[in-house]
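The structure's right below; bear with me while I get my questions together.
Chains here go by letter, A, B and C, matching the order in which they are written, and residues are numbered from 1 within each.
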Amino acid sequence: MTHTITGDDLAAALDALRTQVPLVHSLTNIVSANFLTNVVLAAGASNAHIDNAHEAAGFARIAGGVLVNLGTPDDGTAAAFTLAAEAAHDAGTPWVLDPVGVGGLPWRSGLAVDLLKYRPTAIRGNASEIIALAGLGGDTRGVDSADDAAAAVPAAVALLDHADVVSASGPVDHLVGRDADGDVVGVRIGGGSDLLPRVTSTGCSLGGLVAAYLAVAPSPLVGLAAAHAHVAVASEIAAAKSSGPGSFAVEYLDALAAVDAATLTERARIESLDLAIVGGNR
Amino acid sequence: MTHTITGDDLAAALDALRTQVPLVHSLTNIVSANFLTNVVLAAGASNAHIDNAHEAAGFARIAGGVLVNLGTPDDGTAAAFTLAAEAAHDAGTPWVLDPVGVGGLPWRSGLAVDLLKYRPTAIRGNASEIIALAGLGGDTRGVDSADDAAAAVPAAVALLDHADVVSASGPVDHLVGRDADGDVVGVRIGGGSDLLPRVTSTGCSLGGLVAAYLAVAPSPLVGLAAAHAHVAVASEIAAAKSSGPGSFAVEYLDALAAVDAATLTERARIESLDLAIVGGNR
Amino acid sequence: MTHTITGDDLAAALDALRTQVPLVHSLTNIVSANFLTNVVLAAGASNAHIDNAHEAAGFARIAGGVLVNLGTPDDGTAAAFTLAAEAAHDAGTPWVLDPVGVGGLPWRSGLAVDLLKYRPTAIRGNASEIIALAGLGGDTRGVDSADDAAAAVPAAVALLDHADVVSASGPVDHLVGRDADGDVVGVRIGGGSDLLPRVTSTGCSLGGLVAAYLAVAPSPLVGLAAAHAHVAVASEIAAAKSSGPGSFAVEYLDALAAVDAATLTERARIESLDLAIVGGNR
């Protein structure tokens, strides 16, 4: 397996984000809507939250990237999710599916499976959600994950039938995609902070950042990796300055804005994932 | 009247919260959804916000505790409130009713009265809301309280026909329940900060914390008191480090995480409530 | 043209806000609901978010001021917007229209035009939105503005057929209204911070603050100007203490609370707008 993605790839993606200021169209939950927008703005992109069925399709066509997050769906927003996903797919707008709570909650699990038909560019979730979405029996406990991200790699690889790239978040994030030859490749991204799961919407807002990076990156896997690495580095910096979850959330936004290409190159802990070892090749 | 609850009781409840990490199922308003989740996480529990009618009942059955908050209801979430309350009642999941704005707003007042039939474990509100819900003529001014918490004690006692425990928040919180003999008992919890009402959702998020503590406490009154005391002590610590409402909100989350059993025992200002004096016995 | 508004006018409005603590009825979007409430509370007023069709009209009649913000409308909240606007108009409650995203999004653009029939007291938006609402061809890019506020003055003046006062936010805010003789007058308010657009909902929350000030000011133009000046001065103070968008948001809330009449008089950068120069007279 070749060295999939380098620090220079990540740095170039960050520079592209800051230069192009892509517009994310988010359809996210009521818990994360504010924090997600602040994360996307702090990182250097732009965000508009539009989740009604009258406008979702039209805006998905013109946005740089779309995020569909299943955190707090109702009948109205579920209809908008479908319209946005379909429009993004048809218009070639990259879009991200964040299958929050899939597995333990049957209604949204059906929604998530239906959305796969519009082939998300990226699927981002915690390990339990990725395992559940792949139909491999994950145990979802609300929005927290009971599984380790490495354990989700086989499920992530299985989901490559429905998406270009898939990531499972955890203490070490695991990301998979395909190379130019169609072979499955993967990367692991370390770092981060154990304060991340103590602040709500850090995972959901990563989904928004993935949508931003997909709009500017040369490939979905580079975009996905750049978003994960940006978050991991910023959260490390923030944790060093924090006294608890409240101050961490503040420092995290400051750090997302302060991280530049040089910092990302220097501090990102990215390494190729040996799919044979983690059981990802099938 | 015996000494109802001791600092040791509160400390044991906090330790149980940190050890068991109960999962709260919140159905709260769009103003408080993010902050409430951060409060519950910071304190040491977990939270999932699920307010659609397809999933609310199923999740209420498996959650550790449920919060139904009437802050920003619509037809869809109102249906979910009813389903969640009914399922919690049937499954024996402790649940909290926070009757935000009841009294001044007729539609939600009807909702609140309907929800009483599923017998909430706890009712938590400000003084005006507690008085209004008991039908005793409180004057609700939006989500702020125009009445002192002590004035709400007779109403709180009246509501014990519909709930195991009831609290009215104020500069000094007043809590009532019944002892093993069925006699009404109460406690007052002092402390807190005058910055609490300058930050939105501090009251609503207390409701979420009550749901978390009910999941682990040996009795509803201990759970209710532990949540109030945890908030009061954390807000005192936070106020001492704050320069205004913005920094207070940040320090408050840090303090909720930092408070441990020893701090709670040492700093909680809990005393028995003489119900004859405040007019609570009838 | 006379000197339209003085620093003393602004200071008197701030004192009135702190003394009277007006109650704002907000119907705002899910991104801004929490931050807007915190902004209104920090500034010294009170806020209740009530956006269901059952209660919106009744509450608009008794509130001090109403904000209708089109950020994340759906069929249910759109119905509530209309009911609240109609009730505010009929009851003489001052109300603010914030036409978020109007121009690029056809459905809400129709909503905004329909709402004009209830004659908002104030319309507050970014330059693109003001231009679009006036039918003058603005280019809205989500919730960000692609136009300079000065360029929106002709559109703002045109909208005085439908509202008492109109403002376009930007690096320098531009506000217009009519004097006692019915002549168009305007002011520019400088200051602020380039961190304001890096934090979501700073614009939306200004709309809430406008509603608060309209409830206590001697004229709509003084109320509008006081809200803009309060925000501009607080954001300057906050920016001097901030390390990025996260800390800015915290310092901003502290500064909104700390700014008093003397600070506002001393630091507000308000000047009359020469409408002949900016093309506002027609």
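Just so it is clear, a contact is a pair of C-beta atoms (placed from the backbone, for glycine too) under 8 Å apart; a residue touches a chain by one contact, two chains touch by 3 or more.
Everything numeric in this text was worked out from a predicted model, so none of it was measured.
Counting the residue numbers used at the interface between chain A and chain B, under half appear in both copies, so the two copies meet with largely different residues. After Cα superposition, the angle needed to carry chain B onto chain C is 120 degrees, rounded to a multiple of 5. Computed from the mean C-alpha positions, the centre of chain A lies at a distance of 35 Å from the centre of chain B. Multi-chain contact residues of chain A (touching two or more other chains) are listed as 30, 33-34, 76, 249-250. Within the complex, the chain B residues that touch chain A are 23, 25, 30, 33-34, 37-38, 41-42, 46-52, 54-55, 58-59, 62, 76-77, 249-255, 257-258.
Residues of chain C that touch chain A in their complex: 29-35, 71-76, 101, 104-108, 141-144, 197-201, 243-247, 249-250.
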